[in-house]
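Each chain gets a letter, A, B, C, D and E, in the order it is written, and its residues are counted from 1.
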Amino acid sequence: MIIDLPHYLLLSAVLFVLGFFGVLLRKNTLVIYMCLELMLIAATIALAAFSHFNDTLDGNVFVFFILTIAAAEVAVGLAIIVALFRQRGTVQVEALNHLRH
Amino acid sequence: MANFLFYFFALLALVSAGLVVVSKNPVNAALGLLLSLVGVAGLFVLLNAALLAFVLLLVYAGAVVALFLFIIMLLDTRLEPSKPSPRLTLIAATLGGALLVVGVLSLNQRAILLAGGASGTGPTLKHYAEQLFTTYLLPVQLVGFLLLIAMLGVIVLSKKSDQAEETL
Amino acid sequence: MNSLHAQLLQLAIATPLVAALIMAGGLPKRLAVKLAGVAFVVPALIAAWLWQQFPAEGGATYHYLSNWDTGLGRFGITLKLGLNGIALPLFLLAATVGLAAGLYALRSGAERLKLYLMLLLTMQGGLLGVFASVDIFFFYFFHELALIPTFIMVGLWGGRDRNYAAMKMTIYLTAGALLSLLGLIAIYVKSGAQSFDLIELKAVLAHQSLAPTVQKYIFGLLLFGFGTLVSLWPLHTWAPLGYGAAPSSAAMLHAGVLKKFGLYGLIQIALPLLPVGAQTWAWPLALLAGIGNVLVIGLITLAQRDLKQMLGYSSVMHMGYCFLGIACLSTIGSGGVVLLMVAHGLSAALLFMLATSVHHRTNTFDLTEMGGLAQKTPVLAACFVAGTMASIGLPAFANFWGELAIFVALWKFSPGLTAVAVAGVVISAIYGLRAVARIFFGPPSEHLQQVMAQHPPADLGWGERLPALILLAALLGLGLYPQLLSRSIDQALPVGIAKVSAGSATVSPAKP
Amino acid sequence: MNPVHTTLLILLLPLFSAAVIALGLRRQGAWAAGLSTAVAGAIAILSWQLIFSGQRNFPAAWEWLRLGDFVVSLGFKFDDLAALMLFVVSFVGFLIHVFSLGYMRADAARARFFGGLSIFMFSMLGIVLADNLFMIFIFWELVGFSSYLLIGHWHERAAAAEAAKKAFIVNRVGDFGFLLGIIMCYWSNGTVNLTALGAQHVPSTLIALLLFCGAAGKSAQLPLQVWLPDAMEGPTPVSALIHAATMVAAGIYLLCRINVLMVPDALTVIMWIGTLTALYAALCAVVQRDIKKVLAYSTLSQLGYMVAAFGLGSFTLRHEMGGVVHEMVIATGVGAAMFHLTTHAFFKALLFLGSGSVIHGCHHEQDIFKMGGLRARMPLTFITFTLGVLAIIGMPGLAGFFSKDAILYLALEKNTAVFAVLVFTAVLTSFYMIRLWKLTFWGTARSDHAAHAHESGLTMTLPLVVLAVLSIIGGYAGFFSRWAGEVADLVPEATGAAHTTIWLVSLGVMLMGASGAWLFYASAETDSLEGKFRLGFRGLTGLQESFDRLYTYYVAKVQQRLAMLLNFIEQIFLAGLLIRGLGGFVTLVGYGARSLYTGSLHTYVYWFLLGTALLWAFAVGIF
Amino acid sequence: MTTDYLKSVAESNQWWALGPEIMLACAALGLLVMEIILPKKDRRFIPYAAMVAQAMVLLTVIFNFQTTWLGENLFGGLIKLSPWGQVARVFFLVSSLLVSFLGTICLPRTKLPRVEFYHIVMVVTAAMMLLVHSNHFVMFFVALETVTIGFYILVSYFRDNALTLEAGLKYLVLGALSSAIMLFGIVLLYGAVGKVSVNGITHTGFEFETLNNFLRHHPDNFLAIAGALLLVGGVAFKIGAFPFQIWIPDVYQGAPTPITAFLAVSSKAAGFAVLLTLVNQVFTPLAGVLVPVLSVLAAATIIMGNLAALTQRNTKRLMGLSGISHAGYLLIGVVASFTVPWATSAVWFYLGTYLLASMAVFGVMTYLTGPDDTNQTLDHYEHLAKQHPFLGGVLAVGVGSLAGIPPLAGFMGKLLLFIVAFQAELYPLLAIAIGGVVLSIYYYFGWIKSAYFEAWRPAATATTAAPQSAITTPSLSGKLILGLLALATLLLGCYPGPLSDWLPF
C-alpha cells in the first residue's frame, strides 16, 4: 500500500482533533496552549502534504510563515499567562471565570 | 521502508499528542509535544521538505517547547487537581470529539483529491529563498513587524511596574 | 408666486427646528422662551396663509412643491415637500395644535423649561414635516423626528409610572414604526419605481399595479405597523398608559397630531397604492376596530377612574371610528376619517390640556376624589364641557361631521357594524358626561376642600385660556362650516379611492 | 323682506345672542338677560310677520358638506306645519324669556342661564325650519345639549347635575336609533330631504321605527321616559319652555314631519307606546308630592296622548282604480297631535309658569303638602293657574277640551281598547290636577313658606295672563286654523252621534276625576291616598320607580360590571399577562441568553466546537 | 521557475502602492525611536506625534483616493487594491486615530508603558489595511495573524488588572483556536485546487482568482466547500457571529476601553471587509451553500446578541452584546450582496455610521471610567446628564444612532440595509432584524434612561450600592472630537449625501 495524500490528510485531521480535544479537556492553560500549537502543527502537515503531492512550493512556504507566527504567538501567549499568574497565582482555567454574564 | 517510516512517525506524532492531551503533569505534556514535533518533522522529511523539518525542530522544539518548559518551571504549577472532570463535561467532550471524528471520516470519504503526483525531488533551499524574497517579500516584511510587536508585547506584559514611566 | 409659497412651506417646517437648534446652542432662558413663542406662531401663520391661498379646485394635486436633494437621490429619496387636499387639513391641524401646545408650554412653568421647549419645537417641526412630505421616506423620517422627543418628554416630565410608560411607548411605537417602514420599503422595492416620491409611485402603480398577493402582504404590514401607532385594538395598550404619564404639551401633540400619522399614511399612501390589499384587509380591520376599539375600549373607558387614563382610552376608542371609516374603502368614509382626524386632534389636545389644568387645581387625576370645581372655575368648566361635547360628537363641533360621514359610509359596508359604532357614541356620551359631572358638578369633595383650603383654585389664566380658545375656535369653526376643509379633501380623495370602489360594489346611493 | 332672509334672521339671532353672551356678557347678567329677551321678542315679531306673510315652501338650501356622493345640505322647509310650530316656539319662548327676567333675577349665573336659553331657541328653531333629516338631527342634538345646560344650571346641586346627565344620555339612546334610521333612509331612498321623501320613498317599517326612536327619546315615551321627571331639577322656566311646551313636543313634530315615511305596522307600535305612556305617567302623577313632578308626569301623559293620536290617526284607505290597488294614508293623526301639541304648549307652559310663580312666592318650596291656602295670597297666580288646570282636564270651552276631544274621537273610531285606556287616563288627569290644585291653593297654609307667600312681580304675572288667554281661546277653530293652515284641516272632527258621545264622555270623565280628587284629598301634610289605600299607593310609587330601578340596576350591575370586567381583562390579561408577560418572558429568555456567557473558557471552546461541527455539517450536506 | 519570471514578480512589487501602510509602519517605528532619543519630559508629546502621523496618512489616502493601482494585481498577486480597500483604509485610519485619542485619555491613569500602545495600534491598523488588500491566502493569513497577535497584546495591556489579563487569555485561546480552524480551512482550499498551470506559470489555491476560477468549475467540491466554511468560521470569530460570538462580552469587558472600541470597530470592520471580499470575489460559485449558512448565522447572531443584551447592565458587555446584533444586521447585508451588488455599499455605510456612533459612546465611556476599567455599569450614568450635559448629549446621540433612531446616522444605515435585504428578498431575515431592532430599543433606551432619568433603578440590581463614579472632565480637544462625532452622526442622519456619494456604489 502506497502512502498517499489521504493518509497524511487523515493524520493531519486526527492530530487536529486531538488538539481540539486537548483544548476542551485540559484545565491548565499552559497545556491548553500546547494543544493549540498542536492544532497549528496538524494543519502544517496537511499543507506540506498537499504541497508535496501537488508539486507546488507555496504550501511549504506557507508553513514557514505559520511556524514563525506560531512562535510569536507562543511568546505573547506565555507572557500573558505569566502576567496572569502574577495576579492570580494560578493558571488553571477554573480561575478564569471572573468575567461572566 | 517509506511506509514504515510514515507509520512510525505518524504513530509517534499521534501517541505523543495523546500524551499531551491526557498527561496530568504539564512537564510530561511539554515533553509529549516535543516528541510529537519530532514525529511531524519526520513526516516533513518524508514529504521532501527537509528544510521545514529542520525549521520545525529548530523553532518549535528548540525554542517553543523550551519556552514552555521554562515557564512551567517558573510558575511551578502544581499537578492538576486529581478530581475527575464533571461527568457532563466528559460526555460533552466525548460527543464533541465524536462529532469531529465523524467530520474527519467524512473528509476522508468524500474528499476528491486532485493530487497531481509528487515530483521526485523536493524543493531546494534556493527555491525557498527565491520565493521568500521575491513573491513573498511583503509577508516576510510583515512578519518582521509581527515579531517586533510580539517582542514589544512581551516586554509590555512583563516589564516590572515600577520601571514604567510615571504619570505625565 | 408659487415658489414663494413653497419657500413659506419650507420655512414653516424649518422655523421650529432651527429655533430648537439655536436654543440648544446655549441661548439664555429668557430669550429662548421668546424665540420659542415666535417659532410656534410662525408656522401657524404660514399654515393659515397657505390654506387661504390654496386653490379652490386644486385639492387633487400637490401644491407648493419643492424638492431638495439629500444625497440619497440614487435611492429615489429626496426631500420633496408639498400639500394636497388631504395633507393640507392635517398640516393646518399640526400648526394649530402646535401653537396651542406651545403657548401652553410657555406658561406652564415646567422644570427645565428650555429643554422642554426645545423638545416640543422639534416635535412640532417633525409634525409639520410629516404632513408636508410628498416623499414617503421623509414622511416616515419626520414622524420619527417627532416621536423621539415624545419619549424623552414622557420620561423626563411624565407623571405616574413614567418609566414603564416611556419604555412601553417607545417599544410599541418603534415596533409599529419599523413595521410600517418595512411596508414603505416594500412598496418602493416592489413597485419598481426606484423612488419614494409618492407622486411618482402613484403614477407608476396606476400604470402597472402590484400583484394581489404582494398588495395583500404590504397592506398587512402597513396596517399593523400604522395600526400600532394609531392604537388599533389589541395593539393599543401603550396609549392610555403613555398618555396617562405624558406631560400635557407632549400628550397634546402626540394624541392630537402625531397619532394621526398612521391614519394619514393609510389614506394617503396605502389605499391609493394598494387597492386590492385594502379590500382583503377591510373586513378584519373593520371587525378589530368596530368590536375592539369602539365597543370593548368604549366599555373599558367607562371603568376608568383616572382622568387622563380615561382620556387616553377615549382617544383609542375614537381611533376605532377612523379605522372603520378607512375600512369602508369609500370617499365618504375616508373623507370622514380625515375630518375626524382633524377634529379629534383638536378636541383631544384640548382635553389633555384641560386635564392638566384640572390637575393643577385639584392635585389629583382620580375622578372619584373630585367634584364641584365648576363653582370656582367656571371658564375651565365651560371649556372642558365644550371639549367633552366635541369629543362625543355633538353637532357644531368638528367631530360630528367626521363621525357622521363615517357612519353613513359604514352603513354601506355593514349595517351591523354601524349599529355598533353608533352605540359607541352613546357610550362615549356616558363616560364623557360622567367625567364632567364628577370633576365639576355637585358639591366639592372632601379632597378638593382640603386642597382648596391650601390653594384656592383660580380660574383659567390667559396662559391656559388662549390655547384653549384657539383649539375651541378651530373646533367650532370647522364644526359650523365643514366645507372649510372638506372641499379640498373631497377633491383629493377620489383620485385614490376610485380604484378601490371600482372593484367593490358601487357606493353611490340611488338618486331619486 | 325676502322670506329666506327673515328665516335666516330668525334662526341666527339667538345664536348671535348666545355668542355675545358667552364671549362678552358673562359677568353682566342684566345685560345678558335683556339681550336674550330682546332677541326672543324680535324672533316672535319676525315669526309673526313670516307666518302671516303667507310665504310657504320657499326654496332655501346650502350645501354644507360634500364627500364623494354624500352631500349634507342645510335648508329651510317652511310649510304650514313648520309655521304652526314656529308660532308655538317663538311665542311661548318669548313669554318664558319675559317670565325668566323676574324669576331668575337673583341668580348669580343669570348670564349663563340666558345664554342657554338663546342656544336653546336657536336649536329649537333649527329643528322647526329644517328641510332634511340630517339637519333635524343636528339641531336635535343641539336641543339636547341646551337642555343639558339648562337642567344642570344649578350644577352645584348633585341632583341637578345628575338629572342633566341623565337627560342627555337618555336622549342619546333615542338618537342612536334616530341616526341609524336617517342613515338607512339615506341609503334606501338616496335622499333625506323631506320634500323629496314626500315625493318618493321606499316604505320600510324598520326606518319608521328607528326614526321613532328619536322621537321617543325627546318626547320621553316609554321606555325612555325616565329623564323627564328628573329634568325638573332645572329652573322652572326651563321646565316650562323645554320640558313642557317646546322641546319635548319636538318628538311629536318630528313624527308629523316624517309622516310620509310611516307604515301601518310602525304606527301600531307608536300608538301603543303613546297610549301606555299616557296611562303610566298619569298613574305616576297621582302619587307625586312635588308640584313640578306632578306637572312633569302630566306632561308625559299628555305627550303620550299626542303620540297615541299620531299612531291612531292614519287610516289606510284602499280603493281600486282600473284594477290597480291604491293605498292612501290619511294623516288625521298629524292634525290631532299637532292640535293637542299647540294647546298643550299654552296651558302646560301656563301651569309650569304658575307653579314657578308659586315656588318663587313660597321661597322655593316645592312640596304641595307644605303649601295650601295660596288662593288668597297669590290671587293672580291662582286665577291663571286655575284656568290652566281647567284647560288640561278638559273643561268645555277651554283649549284642552277641543284638542283632547279630537284625540278621543280618533281613538273611538280606530281602536276601542286605546279609547278605553285614554278615557281612563283622562279620569286620572282630572284627578291628579284637581288634587294638585286643591292642595296648593285651598285649605290653610301648612308651612311657614306658604304662610308668607307673596304674589310675583309683573314680569312673571304678565306672561301668565297672556298664556291664560291663549289657553282659553287656543282651542277654537277660528284661532287654531289661522295659525295652522292646512294642518287644521287634518284635525278630525266628530259629528253627529259620535260628537255627542265624545262630549258626554269627556264631561263625565272630567267631573268624575275632579270630584273624586276634591272630595278625597284633605288639606293635610300627608297624602290621603297613602293613608287610606296604602297598597295602591305603594303600587303606584313602585310603578313610578320601577323604570329607574331597572335602569339603575342595568347601569350599576350590568353595564358597569361588564366595563369593570373588560377593564380587568384588559389590565390583567392583555396589558398584564400578555404584554407584561411577554415582556417578562423575553426578559427571562434574555437572562437565559445572558447566562450562556458563563465565563468558563471550556464552555466557550464547546461553542467553537459546536460552530465548527455545524459548519462541517453544512459542508457535508446534513442541513 | 525561471529567473525572468522571478524578476517580473519582483518588479510587480509596487511598494508605492502600499504607501499608507508603509508610512504608518515607519511612523510606528519612529515612535519607538522617539522614545529612545527624546528626553523624558518631552515624551508626553509622543501620543500626539502618533496622532499627527495617523492624520497625515489619512490625508494621504484621502487625497490619493483614486490611486493608479486600483484593480491591479500587485506583489505577484498578493495584493490587489480596490475602491473598497481605499474605503477600508480611511475607515481603519479614522478608527485608529480615535482609538489613539481614547488612549490619551485612558493611559495616563495607569503606570504602564505608553508608546508601545500607539505603536501596536498603528502596526495593527496597517496590518488590517493589508488584510483588506490581500488577494492571496498567505498574505491574508499573515496579515490576519499580525492583527490578532497585536490584539492579544492590546487586550491584555492593563496587565496590573487581573480581569484584563483574564480577558486577554480568553481572547488568546479562542483567537488561536479560531486561527487554527481558519488555517485548516485555507489548507483544505489549497489542497482542493491543487496545481493549476496557465501559460507555464503555476497557480495555487492560495490565489483568490485561481480559487474562484476553480470553484466556478467545481462548485460541488467537498474539500473546497468544507474549507470555505471553516474559513467563514474563522471570520465569524472576528466579526462576532454566532456561535463564535461567545468570547465578545468577556473580552470587551476586560479589555481597556480604547481597545474595546478598537475591537468593536476596526476588528469587526476588518472581518466584514474580508468576508465581503471572500463572498463577492472568491466564493461566488458557492452561493448555494454560503447563503443558507450566512443567513442562519445572521439570524442566530441577531437573536442571541439582542436577547443577551436585554438585561445587561455592564456597559462594556452591553456594547459587546449589542455589537453582536449589529454584526447580525451586517451579515444580512453580506447575504444580500450575493444578489444585490450595491449591498457592499450598504454594509460599508452601516459600518461608517457604526464607527461614528460607537466611538462617540466609547469616548463617553472612557471619560466615565472609574479606577476599575472593567467595571462600568449603568449605575455610573445616573447623574451624567445633569453633571455633564455635554457627555450626556454625546451619549444620547451615539446610543440613539446605534439604536437606529432617525434623524441619526444609524437609522440611515439600517434603512439601506433593509432596502438591500428587501431587494434580495430576504424576508425572514428582515422579520428577525425588525424584531431585533425592537428588542434593542429596550436596552439602548434603558441606557439613555439611566443617564437622563435619575429615578430609574430596576429592581434586579437595586441592592448593589451605586459605585462611585469618577468622571474625567473632557478637555477642549476631547470635547471637540466627541462633538464632531456626534455632529457627524446627526448630519449624516439628516443629510447622508456626502458619505453615500463617496462610497463607490
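Here is the rule we use: a contact is a pair of C-beta atoms (placed from the backbone, for glycine too) under 8 Å apart; a residue touches a chain by one contact, two chains touch by 3 or more.
Predicted model, so just to flag it, every value in this text is computed and none were measured.
For the pair chain A and chain C, chains touching both partners: D, E.
Minimum number of contact steps separating chain B from chain C: 2. Using the mean of the Cα atoms as each chain's centre, the chain most removed from chain A is D. In this view the innermost chain, defined by its CA centroid being closest to the centroid of all protein CA atoms, is C.
Chain pairs B-E and A-D differ in how many C-beta pairs they share in contact, with the greater number at B-E. Each chain's centre was taken as the mean of its CA atoms, and the one lying most distant from chain C is B.
Between the CA-based centres of chain D and chain E the separation comes to 77 Å, rounded to the whole angstrom. Centroids built from CA atoms put chain D at 36 Å from chain C.
Chain centres here are Cα means. That of chain A falls 26 Å from that of chain E. Spacing of chain A relative to chain B, judged by their CA centroids, is 5 angstrom. Of all residues in chain E, those that touch two or more other chains are 138, 142, 145, 149, 152-153, 156, 159-160, 169-170, 173, 177, 191, 194-195, 222, 226, 249-250. Along chain C, no residue makes contact with two or more other chains.
Among all residues of chain D, those that touch two or more other chains are 594, 597, 599, 601-602, 605-606, 609-610, 612, 616, 620.
The list of touching chain pairs reads A-B, A-D, A-E, B-D, B-E, C-D, C-E, D-E. On chain A, the positions that touch chain B within their shared complex are 1-11, 13-22, 24-28, 30-31, 33-35, 37-38, 41, 44-45, 48-49, 51-55, 57-58, 60-61, 63-65, 67-76, 78-83, 85, 90-92.
Listed in rising order, the residues of chain A touching chain E in the complex are 5, 9, 12, 16, 19-20, 23, 29, 32-33, 36, 39-40, 42-43, 46-47, 49-50, 54-56, 58-59, 61-62, 65-66, 69, 72-73, 76-77, 80-81, 83-84, 87-88, 96, 98-100.
Against chain C, in their complex, chain E makes its touches with residues 400, 405-407, 411-412, 415-416, 418-419, 422-423, 430, 434, 437-438, 441-442, 445-446, 449, 452-453, 455-456, 494-501, 505. Only residues 2-3, 6, 10, 13-14, 17-18, 20-21, 26, 29-30, 33, 36-37, 40, 43-44, 46-49, 51-52, 55-56, 59-60, 63-64, 67-68, 71-72, 74-75, 77, 80-81, 85, 89, 93, 96-97, 100-101, 103-104, 107-108, 111, 113-119, 122-123, 127-128, 131-132, 136, 139, 143, 146-147, 150-151, 153-154, 157-158 of chain B touch chain A when the two sit together in their complex.
Across the complex, chain E meets chain D through its residues 169-170, 173-174, 177-178, 181, 222, 225-226, 228-230, 232-233, 236-237, 242-244, 246-247, 249-250, 289, 292-293, 304, 307-312, 317, 439.
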